[in-house]
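These notes are about the structure you will find just below.
Note that the chains are named A, B, C, D and E in the order they appear, and that numbering of residues resets to 1 at the start of each chain.
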Amino acid sequence: MITLSGVTKAFSCGKPNEFTAVTNVTLEIPPRQVTVFKGPSGSGKTSLLTLIGCMSRPTSGRIQLHGLGVPIPFQEDTAVPLEITGLPERFLTIIRRSIFGFVFQQCNLITGISVLENVMLPAYTSGERLSEVARRALLLLEQFGVARHARQPVELLSGGEAQRVAIARALINNPAIIIADEPTAHLDSKLSQEFMEIVSGLKRDGKSILIASHDPIVFDSGIIDRVVEMRDGTILDDRSVR
Amino acid sequence: MRNSSRFLLFVVVGVTVIALLPCHAHYRQQASLRPMNRPPEELTELQLTDLCLVTEARHTRHPSLADRHAPFQEHPLALEFFPSGSFILPPSPHDSP
Amino acid sequence: MIRTGERQRNILEFALSSLHRRRGRNLSLLAMYVLIIFVLASLLFFVSALKREAALVLHDAPDLIVQRMIAGRQELIPVEYGAEIASIRGVAEVRSRLWGYYFDSWNGANYTVIAHNSPTGTEGGAAIGSGVARSRKVKVGEMFPLRTPGTEPLLLEVKTIFPDSSDLRAADLIIISTADFSRLFNFPVGKVTDLAVTVTNVRELPTVAAKIASLHPDSRPILKSEIQRTYQSIFDWRGGMTLLILLSAVLSFIIFAWDRATGLSAEERKEIGILKSIGWETSDVLLLKFWEGCAISLPAFLLGVILAYGHVFFLSAPLFSQALKGWSILYPRFQLVPVVDISQLLVLFFLTVIPYTTATIIPSWRTATIDPDAAMRS
Amino acid sequence: MILRPSTLALLLISLLVTGFSLTAGFHAMGIHDRWDPASGSEEQLELERKTYLISTIMNYVFPLELLSLILLLYTADELHPLFTGAMCAAGTLAVNPYGYPALLVKIVTALLAGVWLIMNHLDSRAFDYPLIRTKYLFLTLMMPLLVVECVLLFSYFSGIKPDIITSCCGSLFSHDSPTLSGDLISLPPVIMQALFFSAMALALLSGILFYRTGRYGQLFSALAAVTFPVSIASIISFIGLYIYELPSHHCPFCLLQKEYHFIGYFLYVPLFIGAVSGISARVISPFSANPSLRRIVPDTRRYLTLVTIICYLLFTLIATVEMIISPLKL
Amino acid sequence: MNRLYTLFITVCVLWTTTVSAVDKGAPPVPATAKCAVCGMFVAKYPEWVSSTRFKDGSLSYYDGPKDMFSHYFDTARYTPGKRQADMVTLTVKDYYTLAPLDARTAFYVTGSDISGPMGQELVPFRGEKDARAFKADHKGKRIVRFNEITLQSITALK
């Protein structure tokens, strides 16, 4: 479970161009659910996701992670909620790497290297043997039906394939939580439907999924558990769909 | 073979070759001191003083025995005999006991 | 421990693949780097090998050479000076030497002619350096003429040609008998070119030289140690000065490398952003940059040094010979005996790899601290 | 001024180390003053990024400092034929009054650099930057020393002229010299031998004890620190004699020469590494009071202790073997 | 013809009256030999090498007479277990000819401007005339014989 209390994120503090992306957000996100953050662009949903995903730190407020079930090197007692607000970047990265998987609006694949290498990239720094990682990556690619492209460079993939490779990459470290930022923005309706099917599969596997989107295909989908509507950095509406 | 293995292999081979260079140099030096490789006795008897490296003028053939006012010995950048001349420094003014 | 090693290798793997992706730029950088190390190492090797050759020649040189100076120019020295010098305490031996230069107007070469009564230097015969043989196109047993002040040229038969291996001493030598020498130059009687003095105890040399100078104020004693020092300074100056010039080349290279490292392309920037967003940490990116640097500088160093060794010691430094040759017709064909030690290599490493590595520290830090959420916000 | 590749390299490294350290120290002071880990402000983020910069710089530069200590010894030895009366680095360093101070300051900075690197490594393993102020204060305090070292090196090399008559190690390290080394040498070798072997044995024993049980750590570190000067004194007092096979040659530098198979490097390098890790084990021990370092410090100390034990054992082994195979009997 | 003859003569080697017996009779100094007193490799300074032979046949080398005397006066310090009386022969080298010379018969010039590998030295000569000439040339202070040399005069040399 993730709890946010009074989380605020401001940019360019003390300068004339100061602006607050997220204002005083308090929220609880239970595990194994699909949560959609809905709102127009600039509403702060992406910023909120970067805060939860340990990519940046809030200016004030606290974010805690509960019952992760994953050992964190410096956390002695896994039962105690993990406060991530004041951690240095180094440790945020460790948490991010082991708990979160990210799917971006653009697929953000690195061009020039093969599909397989792209999927393996997040695991390079953990010190695992690459052959082991490659085995896992191939399984994932197979699961998403893109295994035949494994040795090809990513430039040759179609939009939907690229998206599935990006999802495979997000899953390579077997994270508990998947964060997706506008995943369907560049997909046509059919591909967006396919994406939601993949999401439902992930949900079945017991992952928590957080999606920022203003695409009706996403927030009207049947698999959604909860929709959080945002505007100007604050939560307008928070309702459970089920 | 992984690329990193290839790279490391290349570095190891390179370092080994470089480590062998002093050994090769040592071997060649020893070989050059063997009697058959030494300069003929006729030459060593001459008590030569200088290397025959550049011969365009007498002060380059025997820089140590040249007149003190030999052209570019007064300034290392004098251009009379440009390439070789510019390499040679005037003898130290040490030579009057 | 194993995990750290594996992490290093994984990151190295990625570093190599990202260098490979921009191979055009990186290969040009590598080529430039190799070239600089190659020239620097060649110079270092060349100079130290020449130093050794000079030291070997000087080993046979006389302890003290006495010349006579008249009006600031070297003149022939009377033989009687020799007998007087021989009586100085500590002097073991005085030899008078007859030698000079012969300008060959036929091909523009300068020969060194030395009189020496050795078996091959009998009257009418000559031992010549291979440079002379090449420029005069003569073989052993053939005859060649030298102009004399008289009407008749001096005809000499080649008895010996010194082997190429002794070219650094002998390429331009013509050794003939004393009688031929005096005929060739119409040499004045009772005079010699200079005197070679042997002193048993080298500590006494300066005193002997001072005594000679006071005995004959017109004489100019040249100590072996002075010659040594002259040579040392020629090579040190040459080594040091050129080193400075080359250092400036290295410096400009560093500036280039710096510029290259700082001027991150948008694409690279995006890549680092992606890496950081998917779980690479700042120190991982720093490590990536470190390995990228190593993957350039280590091969450059290894290749540069090995090529330089081949260039100087197997090919006799063709690059430098062009500069040394100048106008001289007789350039010796020498094969240098290698002189390399570990300290030389270490110093070379310090002077080339370390500046490059340090020049990339700050740029790589700048790269590595790109915000991880940059990829999200793009 | 003496223009040789090795001196050039030394000066270049010294300039690099000083320049970069000053840059790092400048940033370090800023971090030291404005550090606030609780804040998520951009300023704090910027500062945290700068800690990476400083760590990176120092991780490049301080190992260079350690390497250049060896290079300095090598260069000093290499230059000795230039000077009348010098037979090894001892004479070269005595050529002008800057030689020995430069070496001494370099040894101290190299020691401190080693300790700093270990401290920095420790800090990077904890999640809340517990040592940030301590280590940057330490670094800032090292700045003047590095500058002094650079100045000394420049003065030393620019003051060198060939053909200076200098003193040889025979006179610098003799019974009659009125210095500390003179007093050392005048001590009967038996006393120094007893002192050396007992100090070494105690250090090793307490080290093993600490490694196995985790107790007596302070005792071990104190002994490890004491053993370093005792070992150097022992080299001057008696180990050297066995290596030179001469009952009266007390030089600590001649053993760096080729004639003695560079044995000096094999003695000094382990001794130095052992001392650095032994001293660091002491320096970091108070940090275990810090909650975030509670589990890391003991591990690191044990590891450092192991390094010290191995290095000191190596040193003792080499010294003892030299003493046994030497034909000289004292 | 006459001219040629003169030239031939001049080119012939002019031998001086001094003996050119460089190290004749003395065995060559081994390259690994170290000065028993200061530890220098003596082969680097052939013109100064001095040596002593002990009763048991063992040889000690020095890089100058000064160190030889140090050993002579304080034998046990440098060769524990041996005494001065065990030194059978003491050999130095004549400065001008470098011929080996019995140290007990030599003339030594002190205070000259010629320094050995270890600084000031006692410079040994076979004959008194040579010693005088040297003393004049090199600002020597005194000419001393073997039995006039004491430990104090040796330690006073820098």
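Keep in mind that, in the parts below, a contact is a pair of C-beta atoms (placed from the backbone, for glycine too) under 8 Å apart; a residue touches a chain by one contact, two chains touch by 3 or more.
Here the structure is a predicted model, which is why all the values come from computation and not from measurement.
*Asks:* According to the touch definition, list the chains common to the neighbour sets of subunit A and subunit E.
*Replies:* C, D
*Asks:* Going only between touching chains, how few steps reach subunit D from subunit B?
*Replies:* The distance in steps between these two chains is 2.
*Asks:* Quick one: point me to the chain whose Cα centre is farthest from that of subunit A.
*Replies:* E
*Asks:* Could you find the two chains linked by the most C-beta contact pairs?
*Replies:* B-C
*Asks:* Could you tell me the distance, in whole angstrom, between the mean C-alpha positions of subunit A and subunit C?
*Replies:* Centre-to-centre distance between subunit A and subunit C: 64 Å.
*Asks:* Quick one: subunit D and subunit E, Cα centre-to-centre, how many Å?
*Replies:* 43
*Asks:* If you average the Cα atoms of subunit C and of subunit E to get two centres, how far apart are those centres in Å?
*Replies:* A distance of 39 Å separates the two centres.
*Asks:* Where the CA atoms of subunit A average out and where those of subunit D average out, how many Å apart are those spots?
*Replies:* 49
*Asks:* Hunt down the residues of subunit C that sit against at least two other chains at once, touch-wise.
*Replies:* Expected reply: 9-10, 13, 17, 95, 282-283.
*Asks:* Taking each residue of subunit E in turn, which ones touch at least two of the other chains?
*Replies:* none
*Asks:* Could you check subunit B for residues that touch two or more other chains and list them?
*Replies:* Residues 2 of subunit B each touch two or more of the other chains.
*Asks:* Between which chains does touch occur?
*Replies:* A-C, A-D, B-C, C-D, C-E, D-E
*Asks:* Inside the complex, what are the residues of subunit D that reach subunit A?
*Replies:* My answer: residues 37-38, 40-43, 45, 48, 124, 126-129, 292, 295.
*Asks:* Considering the complex alone, what residue numbers of subunit A touch subunit D?
*Replies:* My answer: residues 11-13, 57-60, 74, 76, 85-91.
*Asks:* Where on subunit D is subunit C touching in the complex?
*Replies:* So the residues of subunit D touching subunit C come out as 3-6, 8-9, 12-13, 16, 20, 49, 52-53, 56-57, 60-61, 64, 71, 74, 78, 124.
*Asks:* Can you check the complex and tell me which residues of subunit C touch subunit B?
*Replies:* By the definition above, subunit C touches subunit B via 9-10, 12-13, 16-17, 20, 50, 52-54, 57-58, 60-62, 65, 67, 72-74, 95, 97, 101, 109-110, 112, 114, 116, 118, 120, 127, 129, 131, 160, 162-163, 165-173, 175, 194, 196, 206, 209-210, 213, 220-223, 226-227, 229-231, 233-234, 237-238, 295, 298-299, 302-303, 305-306, 309, 313, 322-332, 337-342, 345.
*Asks:* Which stretch or stretches of subunit A touch subunit C in the complex?
*Replies:* It is residues 46, 49-50, 55-56, 89-90, 93-94, 96-97, 102, 104-106, 108-113, 117, 121-122, 124-130, 169-170, 173, 181 of subunit A that touch subunit C.
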